[in-house]
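What follows is a set of structures for review.
In the two assemblies presented below, chain A is common to both, partnered first by chain B and then by chain C.
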Partner chain A sequence: MPVGTLFIQQVVAGLASGALYALLALAVVLVFRVSRVANFAQGEMAMISTFVAYLLMERTGMPLLLALFGDLLFAGVLGFILYFAIARSMSAGDPLNVTISTLGLQIALNAAALSVWGETQPFPFPAIVSVSPVRVGSFLISQLHLAIIAAVLLAALGLFLFFRYTMAGLAARAVALDRTVAALMGIPVERVIAQSWILGSVLGALAGAMFAPLTFLSSFMMQGFLLKAFSVAILGGMTSWPGVVVGGLLFGVVENVVSGYVSNVWQPAISYITIILVLLLRPAGLFSTLYRGRV
Partner chain B sequence: MHEDFVGVGVQVSARRRLNGFRTLLVAFAVLMGIIPLVSNQYVLGLLTLFCIYAFVAVGLDLLVGNCGQPSFGHSGFFALGSYGLAVLSVHFGVPLALSAVLTLILTLLVALSVAVPALRLRDLSLAIATFAFAVIAQTAIVGLTPLTGGVQGMASPAMPLVMNRGLQAYFLALLFLLLGIILSRNLVQSRTGRAWRAVATNEVAAISMGIKPYSYKTLAIVISAAYAGIGGMLFALESLHLSNETFAPSLSIAFFAMVVVGGRASLIGSLLGTALYVFLPEFLQINTAVAPIVFGLVILVTLRFFPDGLVGLSRRLLDHAAAAKGARA
Partner chain C sequence: MIRKLALATVIVFLAATVCQEVTAQAQPATATGVTADTIVLGSSLGLTGVTADIIKPQQSAIQAYFNYVNDNGGVHGRKIKWIVYDDQFVPQRAVSNVQRLVESDKVFAVYYIGGTSTTAAAMGYIKDTKTLLLFPLALDESVFQPTIPNVFTIATPYTYQERLLVDYLVNTKHVKRFAMVYANTPGNPQAAAAASDEAKKLGADVVADVSFEGTTTDFSSVVLQLQSKNPEYVLVTSVIAPAAQLIKTAKVMGFNAMWAGPQQMVDPLITKLLGPDANGILGVSITKSVDESDPGVQHYIQILHKYFPDSPPGLFSMLAFATAELTVEALNRAGVSPTQEKVTQVLNNMKNFDTGVTAPVSFSPTNHLGINSAIMLQIQDGRAMIISK
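Right after this comes the complex of A and B.
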């Protein structure tokens, strides 16, 4: 196979995984900006939701699309429960405590999933489109990768439109900007925050459902994923959607190309060093302006 | 003398009980000195682990509790200590004491080079950057497989023995823990400690008082890294075998949790947090698969109801007791 084709395939695969990092990063950024909580459990929440889809298909023989619908529904409920249990009850205290609580939650969820499903994983997870490659120009590219990229771009576009042009989106932006003033303007702040957790959880579950066919479903499929999503979120400066999407795609491509052409073993180190370098050059992220805090 | 700083997540009161500290420390030392004589091999191993982790936590508290900077990267320094000592003494035949000194110097250098870029970031970005360092460290262990044995692992360095190996490892760890506690206490109550807490409370105000945040943060990182590195060396001496799985970033999270759940900017807090992590699974008689679930839930519950950590809880109980006593008098 000519070198060019392999390279293109690596790039496309990188774009696909990068798109998924971006999707999870969007969820993280959403929750972070609206509720000011860095939710380290986002990955495990997505993993459990995806397991729910798997169970629905296994136990009841549901078709994939229906199971996915149930999965997203579950994710929404899970997001709300966690909002209630963590963000709402601890909102008065130190934000660092809430962040560490999400770490605790991540540890607990991961171990719980491991103990329930640990013996027989990983499980194969079906994809919406077939995995057979399709011909684009003179290259063979996996349909699944293309579908993932398209889906994430659509989701990102949808989010952008939602936040720009709907009242609910406007309310969310207001709460993210200044909670007190938003409340004074009559915005139901707690409801908006709950919505952000629900939507964040659903986005995460979507990312999980698209990730599972690529790497097989297992209780540790999200572990590295979340850190990368956070890094991508920070690359996007935690404030700009395009930054997150571009950052994610870039990161995915760099990761895959390095893995393929430089070294598979050292790849994580190289990826993270790249992130740190980017952060040093542009501490506010790729596209954002630096916001100074009040003293 | 009663200083109270109320600030962003930092509450420290320099207690009047200076004499109390010495008494407590001696009592602790004696207790820990006697326990191994009535313990079996397994419990001794746990106690040694407790001393090592507590040592690291005490150091980390200087950075996280006093100086208010997050760090999820200390498993990297821990790994550096372990593998540095092991590789130098096992592969290159360097005498153990010299290996230890060289490894410590290496750890300090790495800490400095991590601090320079990392401190240009703040809050969440800093946390992610430190997490990235932990990942890089674990990747390096596998990447340098010819030296480190990678996934298979390598044998730990041997130390000259004057007593039973397990006992010696324990007493060595205990010695360093006690020294570490004394050093930490001195630092916290010195000008450096006050500068750290000033930086944690409000950096701009600290600058206007003539404190350079960058220097003090760097100092905190380097000192806590030294603690972690030495802890790693003690760990290498205690274990029979080193492998890369032990040094995962999740260990960093565990250290961080030990400090915060126990109580930030508090020596007793670090000890309590470590004790929780090491002994709770044993007390509850749960197996290793379920242990993290419990630990995670404990973190959640503790921080929900006791935002100041376990130490905050005990302080509150003591205050209640004192108030009740006062009311009765």
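Right after this comes the complex of A and C.
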């Protein structure tokens, strides 16, 4: 393989894996942006939802697309339940309390999945599109990778339009800015935050269904991704949709190029050092602005 | 008078000897971990954490065999009690678990630590305390090289397995270009290095040597590194899920290599995960194939499914089952009053013991690796078939 083609191939593969990180990061950012809670259980919620899709296919013989619809529906219900069971009861206090409780939730969900499927996992999971590669110019890209990139772009665009142009989005932005003032303006704060948890859970489930064909379905499938998703979210500024997408793609490309041309051993370290360097130059993230005012 | 005195002395001596023997027969054994009705063994396994999905079937296989033995009268009337602590595959936890088993639970022997790095971490304590360690799943030479008097294993290390694999590929399939890819965890780099050395010794080229971290979520870069060197065979040394993920990613990226590796590469789980993409994968195994109609294999599946109907048969599960069989056999041969010394002696003298699921097992005082041979398996139509012994 010529050197130039290999480099482009590394970049393209990096974009595909970066899109995966960005998809989960969008879910993280959505919940954080509205409720100020960093939901560390986001990955495990996605994993449980993906198991539901698998069960629907295996136990009922449901076709993949229908099972995925069931998966997203379940994810919405799961997000709703977990919001009311955990986040709502603590929402009067510091969001940090809820953030810490999501760490416990992550462990509990993982333990539950392990106790149910531990001995028989991992499982193969079908892809929504063919995994066969297609040739684009001089390089190859998998149809699944193309679908993932398309999914993340569509999700980011959808969120951008929702927050910018809908009343519900406007309400969510108001809640994100100041809950007390939003409540005084008549905005149902709890409902808005619950919506963000539901939508975040659905986005996470979508990410899970996209990951599973490549990583296989197991209780551990999201653990490696979650840290990267959070890193990407921070790189993007924790509130910016384009920032998350660009941050994710950048992170994926850096990972692959470092892996290909420096060392696989140093890849994680160099990838995270890159994030630190970016944040030193742009402390609020790639696409967010740090506001400073005199006091 | 002197004759009477001598006669009396002999009678007293004989009576004392007989009494001692009778007392020894009647009294419950006093060796640590042995009571009148139980023999206590203890393990440290990664029941949760990254290796849980591999370890759980092994735990079931062992427990199934111990249940089978206990239901059939136990070992000289004693039931086997097996204590298992979770180490989450964290070496430090394995050390504290082993310490707890020995010092608090007073086990007869530490049996089956479930991993190379966890066993390596506990070896210092095992050596210092001269604790009997039976059949850890440590695929590393340091467990038996040099021979440690109180440690026995049947887990032929990856280094041996991969040398055999390279020999087979070069001599039978005339492979000239190898690529090595391995997870950067204890034992794997050494195995890949052994395979590389063997390939070079036999005149073949090693065109790529690629490692990846245990945290790797995306294998596309690894695949590209391999693809750019155009190897004939890629030798993979890692646990099953990342190996399957690597092969799946290669398929997604249009890299159609021939894959080979140690035992786990031909485990039924690989076939389950990869489906038809698993066909053609070669692996060297110290157990028989689960797809065989061999009576020993069928006996294993029958016992496993009697007690754990949902536990999937697999090569590591079968290896774990064999270690349970060996442990019970050693305890049986040690007699009604087993001690650690007697079990050590019994194992040192064990020759060609047939577990039914592995090659015959032999030990000697200078060789504590019980299996020195392997079979070559290839996945064909979703089944691991023997292609060479």
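Note that in this section the second predicted complex is superposed on the first by the 286 of 295 C-alpha atoms of A that agree within 3 Å, B and C clash if a C-alpha of one lies under 4 Å from a C-alpha of the other, contacts with A are read in each partner's own complex, and residues count from 1 in each chain.
Quick note on the criterion: a contact is a pair of C-beta atoms (placed from the backbone, for glycine too) under 8 Å apart; a residue touches a chain by one contact, two chains touch by 3 or more.
Source: prediction; values computed, not measured.
Partners chain B and chain C clash in the overlay (superposition on chain A).
By the touch criterion defined above, A:Ser89 reaches chain B but does not reach chain C.
In the superposition on chain A, A:Thr50 makes contact with neither chain B nor chain C. Within the superposed three-chain model, A:Ser35 lies out of touch with both chain B and chain C [touch as defined at top]. In the superposition on chain A, A:Gln195 contacts neither chain B nor chain C.
In the superposition on chain A, A:Met238 contacts chain B only, with no contact to chain C.
Shared-chain residue A:Leu140: touches chain C; no touch with chain B. By the touch criterion stated above, A:Asn256 is placed in contact with chain C alone, chain B being left untouched.
By the touch criterion defined above, A:Pro268 reaches both chain B and chain C. Legend: residue contacts after superposition of the two complexes on their common chain; A:Ala111 is shown touching both chain B and chain C. Counting contacts as defined above, chain A residues 111, 114, 118, 265, 267-268 meet chain B in one complex and chain C in the other. Residues 8-9, 70, 117, 120-121, 124-125, 127-129, 131-133, 135-136, 139-140, 142-143, 145, 202, 204-205, 249-250, 253, 256-257, 260-261, 289-300, 303-304, 307 of chain B touch chain A in their complex. For chain A in complex with chain C, the touching residues are 1, 6, 9-10, 13-14, 16-17, 20, 111, 114, 118-124, 131-133, 140, 142, 144-145, 213-216, 218-220, 224-225, 228, 252, 255-256, 259-260, 264-265, 267-268. Within the complex formed with chain B, the chain A residues making contact are 32, 38, 86, 89-90, 93-94, 96-98, 100-101, 103-112, 114-115, 118, 227, 230-231, 234, 238, 263, 265-269, 272-273, 275-276, 279-280, 283, 295. If you check the complex, the residues on chain C that touch chain A are 48, 50, 52-53, 56-57, 60, 184, 210-213, 215-218, 220-225, 227-228, 241, 244-245, 248-249, 251-254, 269, 272-275, 308, 310-312.
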